[in-house]
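Read from first to last, the chains carry the letters A, B, C and D; within each, the first residue is number 1.
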């Protein structure tokens, strides 16, 4: 099978770079086109301020950046790493022009006919694409992955949703600076500091979570019925979002069942053999002080794609549970999240 | 009035140093004696690995360190900055020998006849001392201040307890490294990292809070009846504990009332004119992204003694509330907490 | 004496804020006017993103920001905290309009008729103002203080220049992020990182140093004749520039003399009673591991205004010397540097 | 070829763990025995506080730790990751008992008959082993690799030594906390701080460098004749030592020649096909702000084994040169340094 030709929209940004980097040896997809706003016309190697350890992939250094318009791009599908306000206009143009758009932007995530997918959690939501194409008369489509703190969160909640009726979840996040992109947070704002506010983040966690964990009924998603209260904080770490979770269920909770659910969780992505989906999407740690951000954010068979959970313990009563979840925000929470989604779409025949 | 003569037990440790430092210009108390375990017999200036910016106070550099035994100490009362396991044995010896012991150690905090006091919150609990002396037949006594994360927490809860019936509180802390003392946390454990576990801390917050916010009945404290669920995390900041709080009340909560309660809170300490109690023990911030650890930990008229609260917003329903509280863990949360307690005891005639 | 009325140009930036903050209780100067570019017309309290712990001074919150033009400002003299490219045009306009301009900007530092002064080091250079006024026909004038890493450096070199003929100096800096202003350095560029490059900084240290340590001859400054080689690095600390220095002299160096020179250094600023000049402009530390950035940056009688030196030891031969110098880059190295300069100008009758 | 059986002495420490980790898939060596002091008799998985992201290698978790004595160990050779004071006694005992000892400890580095080797730099120094065995009558021997800051330094100097007569080198280091081992530096000592002192480090850089870059004459090493002046600083980064270097030569220095020397440097290790020696032991960066610690410490074909150099520029005259070098202190600077040395010894028939 020859590789599908991929364009990365917004390839010079922090998420765009991660996508480019994660695709450098991808078995199914090959980068054919890179787009950006102000840098169009420049060599990628000259235009990008590369933020990752390995350096710009050799074969892309000389690639000339295209403008982010459908007629400038030759690709089987596109990844969108555009800022949300830009994505708002550009993604529909691509979808209308016949491109499948796999988007990390928030612009269309909560549209009723746009799927919001974590392949291990709600792969069946791909069918929303049929609704979307029918609604909008597009040849292409938009499919999205959730916000960086939500992806890790739903991966940790899914095994629990499988064994109990979650009624409420309280989550407090300690999020890495890379979640704010580049240049993102000024260093004076975060060095030696904690900032108890991230614009829009709490709303995203509270709404996106219920959509991802919702069920497909009559061609649309019926949101999960539990409530989420999020408190989002920025802490001075480079990568990795740690989340302290308190959860309530309608039924009594057995802690052994919870641990077994975490340990046994696989998800359909594994069955489908998606290359970027790890053996264990959820890794249970039993030490009293793990997972830790720096030590565990790259855990698992595909570094940065697994969520580590730990400190599983009781809440204030038998219907409640406390634990901690950690995920890599720019891998699973952004670039890797989009790539596994594209892999799912390919496996399901949508690309 | 001549100053009362003070001994600081455990004066070479991190909390001991802070006490020594905060007493350097104290109007009521003067340091007369410093004790330590292994360093007894050395000059303080030689023995202490000083951790604070200003340097060892000139007048104490040549003071020879005493052993931590009652007969080696000449003082009107003592501050105990001893490690808890050491305090376990030494504090009763001093109390029995007639010394009032104002302790920052956790060893006796939860004893029914030992007061656990934040002067702005529960100054009337000093009367437990009468019970204690009667019970134990001591000439002296032990009075304690709470754990560093608890002090800040109860200062933030007290104004709310005054206007509502709190039923449950969920708190997630982001705590500074100085809370672990010195040498405390190895740098490899926390640089660029978050550690979601602090040994014993959650239990302390869950039990001490209800004692401090309890009521004195028949010479003993009846604990507050609400429940606390704490998740404690260490983050890479030097000073300042930030706490994300979700609170439930039996009554509907009016956010304007909450803000008014925070703004108007004074506490008896203010009336009594305790020199280390700030004008505003609680400072309400209205910006969407404050308080922040590095910017606000020293806010207020006595730097490090006020708790800053902010992000006051609704929870999942009308009976719930979310907000953030920040306090300086080694000032209000340790040394300053002990010093205001001593000031209260002096004002109430117990010293 | 009534206070002189001061305008701060560029009052919303990081250095402008520090000047405003340091002037809040100044005995000689009172802030009467604040200017900024895009924020003109707004209340200062609304326009400024305040970066310092204490909050915007109450009496300035409601002050309406003026545009940075001479006719919009009513003041006895002005501080310029403007970006260098903006200062390039605006400072001469103010000087021509009759204002003394005390500038922290680099635009005119190296002009032959513009004094570049650290009051404890080269106070006699104020006489360049006479040359400047004669040259340019201005009623006002521009006087400047050096770059943040240079100020600390020349304070450490001056006591040595007094006792030896310095021939070469090699300096490697480890500079704080606040030196880059706000927003300045993106957090992703510096968290857990060292960046071995700061644009223009090495040139500034190499040229400004020799001007400050030069001698006034015939109304102009003759640069010091030694050579400086600087290597400038950014490290992840908030405030404080640490400098590792290797120095060569034409004469043999006696280490005891060096220590005595550091200990005894006062400078004319002290005699003149400048309020922001500390008792000891240079503090000698004798411990083997001091000064340290976080512990010592605020040392001395005026916090942040003294340079701490330490680790005085021999170089490769008897003509060489190694030591370490630490200064607070936004206090002595910027705002405080400009304020003491204004104090000197006032004491010498130039304001 | 079956793998050689390796014992790791001091396997629970920070360097020991790195060696164990780097050997997990080694083509020539297999871990057969692990030793430690207090943990002997325990399972390795239970005894070690594992500091690396990947977790303890599965096949070693159940290995029972041996005491660090020759008769308790069955191996073809041993790596010593012992603390220097312990190595002092134990390493000769192993050598006497017939074991080749490849040591990262400093105890014997400067002994005249003990080789101190970086395989790409001075592989011919292996012949000192013959002298050593003759001198001491041992069946085994001790071979050492340099201190973490020295290894990176000599790798950067060697290409220059090949094209010029170095006369003096001034180096200022900015070293990572992992260089201090575990628990090593207390977090309160380094968070938001720079410490301008590392015990013994400057002496090691000054003496070890000249031995490694010396020449073998008559069975002994004649030290390189240039002088090194080192100033060593600890900065708050986890891994990676950055070094600012100023170098003087007897001849005029051509910067193009310097860059060509860095680019072309290979070393004999490459010819010998040592598996842990990277394609490019020295990587030249041309950007004005690289190498940077976090971005470049893992650069190259064997992550962490190459030294990155950059900012090549003139010094104060035509005989001088400034540049920056960066190396990974726990990989090339410790564990990887010892492993390539063992590979060299194997290739040369000493194991």
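The working rule: a contact is a pair of C-beta atoms (placed from the backbone, for glycine too) under 8 Å apart; a residue touches a chain by one contact, two chains touch by 3 or more.
It should be emphasised that the depicted structure is a prediction, and the values quoted were computed from it without experimental measurement.
Contacts with chain A and chain B are shared by C, D.
Taking the CA centroid of chain B as reference, the farthest chain centroid is that of D. A separation of 42 Å divides the Cα centre of chain C from that of chain D. Centres computed as Cα averages put chain A at a distance of 47 Å from chain C. Each of residues 51, 191-192, 236-238, 294-295 in chain A touches at least two other chains. Touching chain B in their complex are the following residues of chain D: 14, 51, 177-178, 180, 182-192, 236-238.
Of all residues in chain D, only 51-55, 191-192, 238, 294-299 touch chain A in the complex they form. Residues of chain A touching chain B in their complex: 168, 170, 172, 174, 191-197, 227, 229, 231, 233, 235-238, 240, 242, 244, 246, 288-295, 310-311, 315-316, 320, 322, 324.
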